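Each of the next two complexes has subunit A plus one other chain: subunit B in the first, subunit C in the second.
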Partner chain A sequence: MDKEFAYSYNDYVKYGNGFKDLNPISKLIIALCLGISSCIIHTWQFGVVLIVFSTIIAIYSKVFSKYIKSLLTIAIPLLLLSSIMRQLQYGHMEGNTPIFNLLGWQWYKEPFVAGMDISCYIIGFSSVLLIYFLNTEMRDLMLALENRGVSHVTSYIMLSSMQSIIDMKKSADTILESQKARGIETDGNIIVRMKAFFPTLGPILLSAMSGTEEKAIAMDARAFSHEGGHTYLRVLRPIPVWEYILDALAILVLIGSIVFAVLRAMHRI
Partner chain B sequence: MAKKEMNKLAWFLVPIGVAVNFIGGTIILLLKLPIYLDSIGTIIVGALCGAWPGVIVGLISNILTAITSPNNLFYAPLNMAFGVFAAYLSKKGVFKKFIPTLLSSLGFAFIGGVIGALITWSLWGFDFGAGTTAIVVLPLWKALGSPENQVTKFFIQVLGEFSCDLLDKAVTVIVCYFILKAFPTRFLSKLPLGPVYISDEEKALEEE
Partner chain C sequence: MAFIELKNVSYKYPYTKNYALQDVTCSFEKGKFYGIIGENGGGKTTLCNLIRGLIPHFYLGKLTGECLIEGKDIREWNTAELSSQIGYVFQNPFTQISGIKSTVFEEVAIGLENLGVPKDEMIERVIDVCNQLDIGHLIRNNPNELSGGQRQRVAFASIIAMDTDTLVIDEPTSQLDPEGTENVFKIINTLKHSNKTIILVEHKIDLIAEFCDEILVMENGTVVFNGPAHEVLTKRELLDHKASIPEVARFGLAMEDAGKPLPRVPVTMDEAYKLIKERR
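And now, the complex of A and B:
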């Protein structure tokens, strides 16, 4: 068992899932190309296609429950707000086609479609990026970037930020509890609650800030500022040819969407 | 050599700034207050370390919030602009006194209004966005007789975002003011813009 764990470092990083095992940068290219083309095309049809695509990948890479939770928290308010907003805005315009009556409030087709276009393209954009973040560990992405020549300071800042958030949340809970024990009021009217904010944030921030100095010294003692090459415990697998082809396809989709948008704009004029 | 050391400490403050951006929001949620306070870290790091660290704090904060809600990525330029503006004001010594600090919230809300409206405007197909700003934007638009003029509509959006942002930014800068005041001198002296906040008496003490 121990031996197995030790030998696992001899191998490339792998998760045993086709999508998860893609190189983090390849995945990023795919996600960004699809997301940006959703913004460019800007119609509900393309948004829905992307949402379906992401959902299939979410099921395949076994992150569906987390994915759907995040997606719904984005999608439901967006869909509701945008359709209500556009109805209020353009509902009274002439030449609209009525679709249904909601307790005496007449809804029209044109503003409804306009609202759907906007919310679906934003949800489409969000869905592909959600899939990306759910299937990529930040340390793998930073490792891939470092292999491409990005400075290790960037990796440190990014990864340390994530860790600091976790650490600080813990100390925030501790400090809020101890301030409560000391007798500070955290319930009551808005002024009372506002007053409780300062004695909570102050100590967290100051202790974290003064901790950075020791951290800087500790990191320097471990050759953080050394300019030479680094060694890594984790090694990403070499990129196979078909991964490049996938990226090329994603870029083609992006180019296609730009062409589509330009043609559509010319057609309108 | 000495200068390089200072910059390094600034880099180590970036993760703290990002975490503070998050924690501000978390505490607000715990205390059930109706504001966001999600740019305290950006403004403090901008004020102490300069524009670049401030911009990076803003960018990373938005990338990390994008992990759970990707449309925050679009609003990254907003947080980055706050970092630049904080560094500029800090150099002018604005955060040393209470009244100028409070007035600076107008500037932050203005940036938030204009850049925020520009982003919302382009995201929502060059039309009003649906969100909290709609509470201000829609009645104002209807009151003006629903003009279809793009410029007028854009101004209404700017006004909406500005008014929604003002209270939030006022509280943010007040928090930042007190935090900057509480910093120990020996720490301030090591940061690029830290010396701005060291009081004259302490400077005199040092010279003695």
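And now, the complex of A and C:
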């Protein structure tokens, strides 16, 4: 028996990283305020600032490789698509400033900046959310929400649904493996894969549904519907004052962005 | 006084024609180890569901007769109250894991969290149970990544940690390999000496013979035999009711038929060994 591990539950939940150890709700407030600000301000400059901010946090919290892989998957196609679309939409308009010629196709500055604005604010928004989810375990978020009065039933539904997705993926893999063993082609192009995959959906869903009843009984046996107060083995650290200040700053950024957007709109009018 | 008492209980599941339990009358006393045997579809699991309060609170359907738990009708209990009185472990090890905990230690503590047990006490109880069930080496592991046998032991641990007076165990080894089965029966052996009331449904008749004080034999929703383990397991009529008897009891009966009876029909290997040794 690893008693050191067992007694570690006497301490608050901690990961040894300043950002990761922030309360999940504080982190969520920061991520949402910054993300929404990006949508409101809607300029490539603010988007880039957010991307830089998220990248620094990713390096600090040691999730950089996962972060950059996911971000590039979104960023590259989005940047290309929005730039091309804007060139096609507005490239022919008079007064545009030429910037370069791509194999006979003239690109202009104004539609290019408009494309950058859209893609950068979306990438900026995605980057802060990505940082949030890479640094926050769902069970910590649900625990924080339970501490704020969300019922343990809601928390269970959220967490078990996420586990169900993993379990269903495992079931799908098992069924596909057995199909393969029976000589059915499961590898190859997308059509072959889809042909093999779609017939497995029925058994996967049925097995998930049949397991639900037993799971409910198992949870009932563990006093899930007990009406007295619940206690928790894992306890989150009490929120320090400076964390509230961080949240307040994030909210100020959001308010500032709203003011900025209103003033910009008035100026245009 | 009986802890659990059933008087002329009949029950049928919703949307079914046939009764799963028919006119069942039996009782369970505190501190005894009961075995329930019988063919598949005989009503064993339904009886467990009734004792655990899942009937009529979870499974609706038609229930008649009286089922009293500590003198109070099952209809008047709520399932949350019952869960702190009667623990329940069932067949499928894969659906008994909550799916929301990321270590075995947390999984074992889940019932205690729900019951509101203070954290210090919770940690001590989980450590005790993990040691008792020999799963201490698993506490850091993710319960969703364990083998079937390991999951069943974790399911036992989370129920035992709740320290209920009664345990209903429904075919705990039916989906396990021999090693998993052996480990589960080690747990059951530990429980036998814990002075709890245990109701075990199991097909492995040799193991039932070794552990149980009393046995109920069920067929088509009725209790066909009920009494002390030795008395029930040596009845020749059991074979007519599609219930198996221990191999050594079969041997003892064959010896009687051959006109060379042992002093009594044995039901366990140890008993048979002693009887044969005495005979020499």
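By definition in this document, the second predicted complex is superposed on the first by the 252 of 269 C-alpha atoms of A that agree within 3 Å, B and C clash if a C-alpha of one lies under 4 Å from a C-alpha of the other, contacts with A are read in each partner's own complex, and residues count from 1 in each chain.
Here, a residue touches a chain if its C-beta (ideal position, glycine included) is under 8 Å from a C-beta of that chain, and two chains touch if they have at least 3 such contacts.
Since the model is a prediction, treat every value here as computed from it, not as a measurement.
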{"item": "Clash or fit, subunit B versus subunit C on superposed subunit A", "value": "fit"}
{"item": "Touched partner set for A:139, first subunit B, second subunit C, both or neither", "value": "second"}
{"item": "First, second, both or neither for A:172, with subunit B first and subunit C second", "value": "first"}
{"item": "Touching partner for A:204 - first (subunit B), second (subunit C), both, neither", "value": "first"}
{"item": "First, second, both or neither for A:148, with subunit B first and subunit C second", "value": "neither"}
{"item": "Partner chain in contact with A:215 - subunit B first, subunit C second, else both or neither", "value": "both"}
{"item": "Touched partner set for A:160, first subunit B, second subunit C, both or neither", "value": "both"}
{"item": "Which superposed partner A:267 touches (first subunit B, second subunit C, both, neither)", "value": "neither"}
{"item": "Residues of subunit A touched, compared between subunit B and subunit C (which is higher)", "value": "B"}
{"item": "First (subunit B), second (subunit C), both or neither touched by A:3", "value": "second"}
{"item": "Partner chain in contact with A:229 - subunit B first, subunit C second, else both or neither", "value": "second"}
{"item": "Shortest CA-CA distance between subunit B and subunit C [superposed frame, angstrom]", "value": "5"}
{"item": "Doubly contacted subunit A residues - partners subunit C and subunit B", "value": "156, 160, 163-164, 167, 215-216, 219-220, 225"}
{"item": "In the complex with subunit B, residue positions of subunit A that touch it", "value": "35, 42, 70, 73-74, 78, 81-82, 84-86, 88-89, 114-115, 117-118, 122, 125-126, 129-130, 133, 153, 156-158, 160-165, 167-169, 172, 176, 186, 190, 193-194, 196-198, 200-202, 204-206, 208-210, 212-213, 215-216, 219-220, 225"}
{"item": "Residue ranges of subunit B touching subunit A (in the complex, touch as defined)", "value": "8-9, 11-16, 18-20, 22-24, 26-28, 30-34, 40, 44, 56, 60, 64, 66-71, 73, 123-125, 127-131, 134, 138, 141, 171, 175, 178-179, 182-184, 187, 190"}
{"item": "Complex contacts: residues of subunit C adjacent to subunit A", "value": "52, 54, 58, 78-80, 83-84, 87-90, 92, 94-102, 105-106, 109-120, 122-123, 126-127, 130-131, 136-137, 139-140, 144, 155, 158-159, 162"}
{"item": "Complex contact set, residues of subunit A against subunit C", "value": "1-3, 5-7, 9-10, 137, 139, 152, 155-156, 159-160, 163-164, 166-167, 211, 214-235"}
